[in-house]
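These notes open a run of structures that come right after.
In what follows, subunit A forms one complex with subunit B and a second complex with subunit C.
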Partner chain A sequence: MRKNPWIYYGKKLLIFVVSIFLLSVIVFYIARLAPGDPLVSYYGERAEKMTAGERAWAEEKLGLHESITVQYGKWLGRAVRGDFGISYKYKMDVLEVIEGRVGNTLLLGGVGFVLIFVLALLLGIWCAWNEERLIDRAICKIGTVTSCIPEFWLSLVLILIFAVELKVLPSSGAYTIGKENDLGDRILHLILPMTVVVLGHLWYYAYLIRNKLLEEVRTDYVLLAKSKGVTGKSVMFRHCVRNIIPTYLSIMAISVPHILGGTYIIETVFSYPGIGTLSYESARYQDYNLLMVICLLSGALVILCNMIAQTINERIDPRMKGPDLTEDAEVIMR
Partner chain B sequence: MAAVLELQDLSVQFHTGKEIVQAVRDVSLEVQEGEVLAIVGESGCGKSVLCKSVMKLLPQTAHIAGGRILVDGADITDYREREMEKLRGNVFSMVFQDPMTSLNPTMKIGAQIAEAVRVHEPKIRKAELDGRVLELLGLVGIDRAKERMQQYPGQMSGGMRQRCVLAIALASNPRILFADEPTTALDVTIQSQILELFRNIQKKFRTATILVSHDLSVVAGVADRVAVMYAGKIVEIGTTEEIFYQPKHPYTWCLLQSLPALSKGKEELFTIPGMPPNLAHPPKGDAFACRNPYAVARDYEEEPPMFRVSPTHYAATWLLAEDAPKIMFGRENGKKRVIHQEWKDAEVLLDVRHLNHAFPLSRKLAVKAVDDVSFQLRKGEIFGLVGESGSGKSTVARCIMNLYHKGSGEVYYNGIPLHDRKVYRKMHRQIQQNIQIIFQDSTSSLNPRMKVKDIITEPLVINRIRPKRGTYREEAVFQMKYVGLDESFLDKYPGELSGGQRQRVAIARAVVMEPELLIADEPIASLDVSIQAQIVNLFRHLQEEHGFTFLFIAHDLSMVEYLCDRVGVMYHGKLVEVGLTEDVFAQPKHSYTKRLMESIPLPEPGRKEERRA
Partner chain C sequence: MKQKKPIISSVLLGLIILGCIGCRFIMTKDPTYMDLANYSHAPNGEFLFGTDTMGRDIFSMIWYGGRISLSIGFLATAISTAIAIVFGAVSGYAPRWLDEILMRLTEIFLSVPELLIIILLQAVIGKATIWSLAFVIGITSWTGIAKIVRTEVIQLKNSEYVLAARSMGGSFFYILIRHLTPNFISSIMFMVVMNVRGAIVAESTLSFMGLGLPLEVVSWGSMLSLADQALLNGAWWIILIPGAFLVTTLMCVTNLGNYLRIRNNQGVRNL
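Then we have the complex of A and B:
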């Protein structure tokens, strides 16, 4: 009955590889077909003063003179061996550039994600517990409003209040120059962008939890649990919350890219040195090699998260495991 | 002997937006230790609300408007949630109607039972706890309890789940057990097993039990006393024998008469005219007066008090007043049924030959739902297909309707091979017009966002048929009159209708096409007994007037016996017995058919043991 795990995960891996390959092809072509001059990102201002001969030489040096298909073939050949080329702008190996930034993004996005996950769960349970009381209705209203505010606008308002007017928090960057190793300073820099990340998504998930719980509370098994003498609190936590966790986990897994996408914008607004600002720059300055790797990384993350979500769903929920079988149903082999 | 539970003038109200619905009105009763009290009545009469209000499990919109609830003489009327939590499980517990939904689907059976045990004995040790769970599972008749403990509800059958629910209810040795329609969602054979189990356990532990049911025949063999509820009030209460053999209230008469077992061989099933009153505005006087053929003028004016018939028997009707006309209740009345024979020489309309269908579980495994089923239907015949759930009845219907493919076997309709995909594709429009289906659950088979008139005429619109009676609206009105609904329902949505009314709409929708073959897949299973009778009567009328052929799928044998010309019995996907209804019911040949016949509950207390012997 049980599926062979090798085949199961082998299939997933195959899907993963094929998707990444297709993604790389699409990004590669679109980037190169978009208008703009990659030489500007490599040579800066000088590129505009180049003669035709110099340009041709420079293009040949960067391998841009060939047709896109040939370029892609060469890129793929190197990429398979782990060589993703150099960043035009930073004149460094692409992976090194990303390595320097990825920590910041993981910190902002990762901690933000965990905060959203936990806070949404707590807020949702709190609201469901106080269903239709004043506190629940108030939180619902406030939540709807906050989730409607665009992230960039909220960022700007927060900068205006806390950085410009009150001058208590820094407006941009990840640390004050000269204080790279000061943890307190880093945390101070994180507060504003983190607030925006969390506020932007929190309500959406809290509301989901609340409604799922209310649906659950109205089911018959809750009535039975209560009638056997289980207290209201344990019905909520041992039965209802437990039963929505699989759904919640899988939704959260799918939403990783969603939240990450949000941090990209927020990073740009706060000039926070993370992958978000990097991807924005690389797209703007035609830094092809850098753009490719960032896109592939993000894409891999999206696909991975979706697969995790799917696996969670199949694994945790016993209803998904097997069909309803009465013991005397006749089973035939095909 | 002191009463374990006593209700004094209990009233429960629901606040729904503008109105106040008086769901339970001045109910007084008491239950002794070791006694089974049955509460019967149509759905919406407040019997479930009564149970839940004692356990305080009602939604927040409900509140106890008056009266007192006494448990062992202690007043618990004003108990708050925290105090109730201590009583629930320990003093009373409950079994619900639908075992499919009343167990937590993501928690192992053993854990759910253990949870209930722990409420009673919080400090119990793990090993002891396991032992107790095993003991409980054994008590409710689940074998291989060790393995069953580790299973999820989804892996069990309905009957087993109901046994588990019962195990949970018994886990903490409650003094009072509420059973809210515990067998309504189950098959006949399972139903009799569960009722038997109830009886045994009740005898063993002497738990005071309140059994709620809409079906009088179910309670006949189990209950010591019966309370009949109507419109939130108890209209009659007495010992089971008194209620069944000397009923005094006209409503009890009506309930008894609408049981198909009492209409054997009659022209028509007895039905109660009209609808229960709206409890937001309960009528003055006796609530049943307007449906009561024996109502006297006083019934409309003054509410009757509980008249004492015997020390155990009370009834609220003015017929018991000294100056009232003397009317006696007779079990036998009504015209004899004429048996229709014309179909016997008619041509074959539907011919099912060696039908097989299997549902895949995985690539290698499949469950055989239909196994080599063959039968024929002649024009104008009513053919009943019976069997327990999971026996493949519905699958047969769906195969005939071509809703399932991939099976093997042949289905000929008027000589047209329906199993041939090519032929079917070519003729599907014509075939679809001639075969119509009615599903069990009218709540989910009618689109909740469509108005009744649109639902009824939708088949015409889809098939681009011009309505016979001019406009679509007139056609809808005509069809609705036909199934006994008036024009006021035209612009309503299914959600505003009662179960019986919705099923009438579903029937109208099927009949509007004037089909030759009508397939009804458990059309009455989710309805009250009195409404079941109405719908079955309607089927009979329609069949006589339209002359269509009728495939009636049901697990309720007594209705099948009443309605059908021929019966087929299905068991584990096989058609084990086919024959004329009279023959099959009088002399069942297959052992399963015999078992089925024996498990039909009879509305005659005391007769069950006789029949067994």
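Then we have the complex of A and C:
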């Protein structure tokens, strides 16, 4: 059954817009219902010494005196025109604050993601090729151990070894102050956080590839290919690996937010100036406008990646429709 | 392939759990007492695993704090599993349109970064306690199990025995508990065990970041929240020893979970 692509993508767009809208409502309400004083994030210590009159004036200036629903209406009205307000803490346009940080996170998460993607594929194939041999069993054991180590603790151990004891790598930040444009310095600062990002996720995906391949080599077409005289290597790479790539792609699409979410914690441990540290600050110190945009951005990313995965899955197997299809991947995810 | 029983993991995990339950028989010091004369001591005869930057005995803290970390792991899992079973079953049982809406809502829920939900909920609840932290972790980690329950229920709901129970007037919860749950419990067992692992990791990560249990409430996570100061004066034992216990526990739990998963799949696989 062929569907009109306009209707197909139109429906997806509609779902996307509705989801983002609901997300914004939820985050807006939770953030404002949570106790805490947004004035502290704007005025710092001074906010605590304000008189009632000054407070009222400050709240009116920031538009915090109205009911939440009215505030949301005004926020939405400005947001659709691209004005997301100012960050209370940084006193700058929210988008500018994020613009300054997003590059760092994309560098850490993006390069990390590509490394995980490639290394997991290679490692998985290598293990499946040497199934149940010593090397495979050793890698499986080591892999299980690494996948059990919480990311924050791995970061601590690496800092302890390489920054405190050996003093070869910096323990925090994205660059040495005064060397903002020094590429070598930036890379040096990236090594430890990047190692944690990659090690934290690598085995999970490598194991997935390994198991998918093991299922694949037991199918009948492999037997047929072998009996026709195709070499083992050729069957593996030209048929088996090719067959699992689409599934792998859809799973990796779902994993994008998962891996980026993982960098949040790592960023905090390494005091790495990215979106992670920013979202942590904004949620803790009631920087409402900043919090909204970060939530919407990451929410949009999740929904978008899910849709990409869904589309890939539908292409592989048109029988998969509706909300069921990401299931297989999510089952393995956790 | 025959799956070996995870004997070593079970024994190790059993020892850790027993040690934590019976911590008062093992502890050599009061785990909450701050001995300011003996802070940041390396492991020695008196303080087996050394002392932390506030002068507390790490050996005693590990057993005492493990009790809290493990209870949060189990409590949070109980909460998330209960939510998952009810939500998944309702979604699987409900008519198609309601199912669709529920699944969309789950997706939106999933798209809010978990860390953010936890920070916000924690702020609403106020000061973190064992219960509040378990609750917060529990209600943010049910979606994975719920999806499996839903799929299973969709397959099960049209079987004859469910129909029979329904036509005899069995209510939704009666059918869920008597007929559906026994049928899907084995397929979610692996996820449930993995949820315990996830909850223990979440507790330690949150407490480490200062979002979970406060420093006075001893847990593996809150012990590690002293890591910043420990890094400054190179006190490796404050970081490595509690972490080693944490990782060992997580590994044992993982091995148990994997055993359950493979055993459950044995009939299906062609290995």
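Keep in mind that, in the parts below, the second predicted complex is superposed on the first by the 314 of 334 C-alpha atoms of A that agree within 3 Å, B and C clash if a C-alpha of one lies under 4 Å from a C-alpha of the other, contacts with A are read in each partner's own complex, and residues count from 1 in each chain.
Note that a residue touches a chain if its C-beta (ideal position, glycine included) is under 8 Å from a C-beta of that chain, and two chains touch if they have at least 3 such contacts.
None of these values were measured; they are calculated from a predicted model.
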Which superposed partner A:I7 touches (first subunit B, second subunit C, both, neither): neither
Which superposed partner A:S147 touches (first subunit B, second subunit C, both, neither): second
First, second, both or neither for A:L166, with subunit B first and subunit C second: neither
Subunit B versus subunit C as contact partner of A:L134, first or second or both or neither: neither
First (subunit B), second (subunit C), both or neither touched by A:G229: first
Contacts of A:Y221 with subunit B and subunit C, given as first, second, both or neither: first
Subunit B versus subunit C as contact partner of A:R238, first or second or both or neither: first
Superposed model, subunit A: greater residue contact from subunit B or subunit C: C
Shared subunit A surface residues [contacts with subunit B and with subunit C]: 322-324, 327, 330-331, 333-334
Residue ranges of subunit A in contact with subunit B within the complex: 1, 3, 219-221, 223-232, 238-239, 242-243, 246, 317-319, 322-334
Interfacial residue positions of subunit C with respect to subunit A in the complex: 99-100, 103-104, 107-108, 110-116, 119-120, 123-124, 126, 143-144, 147-148, 151, 191, 194-195, 197-198, 201, 204-205, 208-209, 224, 227, 231, 234, 236, 239-240, 243, 246-247, 250-251, 254-255, 258, 269-271
Subunit A residues within the subunit C interface of the complex: 15, 19, 22-23, 26-27, 30-31, 33-36, 144-145, 147-153, 156-157, 159-160, 163-165, 171, 214-215, 218, 257, 261, 264-265, 268, 279-280, 283-284, 291, 295, 298-300, 302-303, 306, 322-324, 327, 330-331, 333-334
Subunit A partner contacts - residues on subunit B that touch it in the complex: 55, 57, 81, 85-90, 92-94, 96, 98, 101-107, 115-116, 119-120, 152, 154-157, 165, 168-169, 171-172, 178, 358-368, 371, 390, 572-573
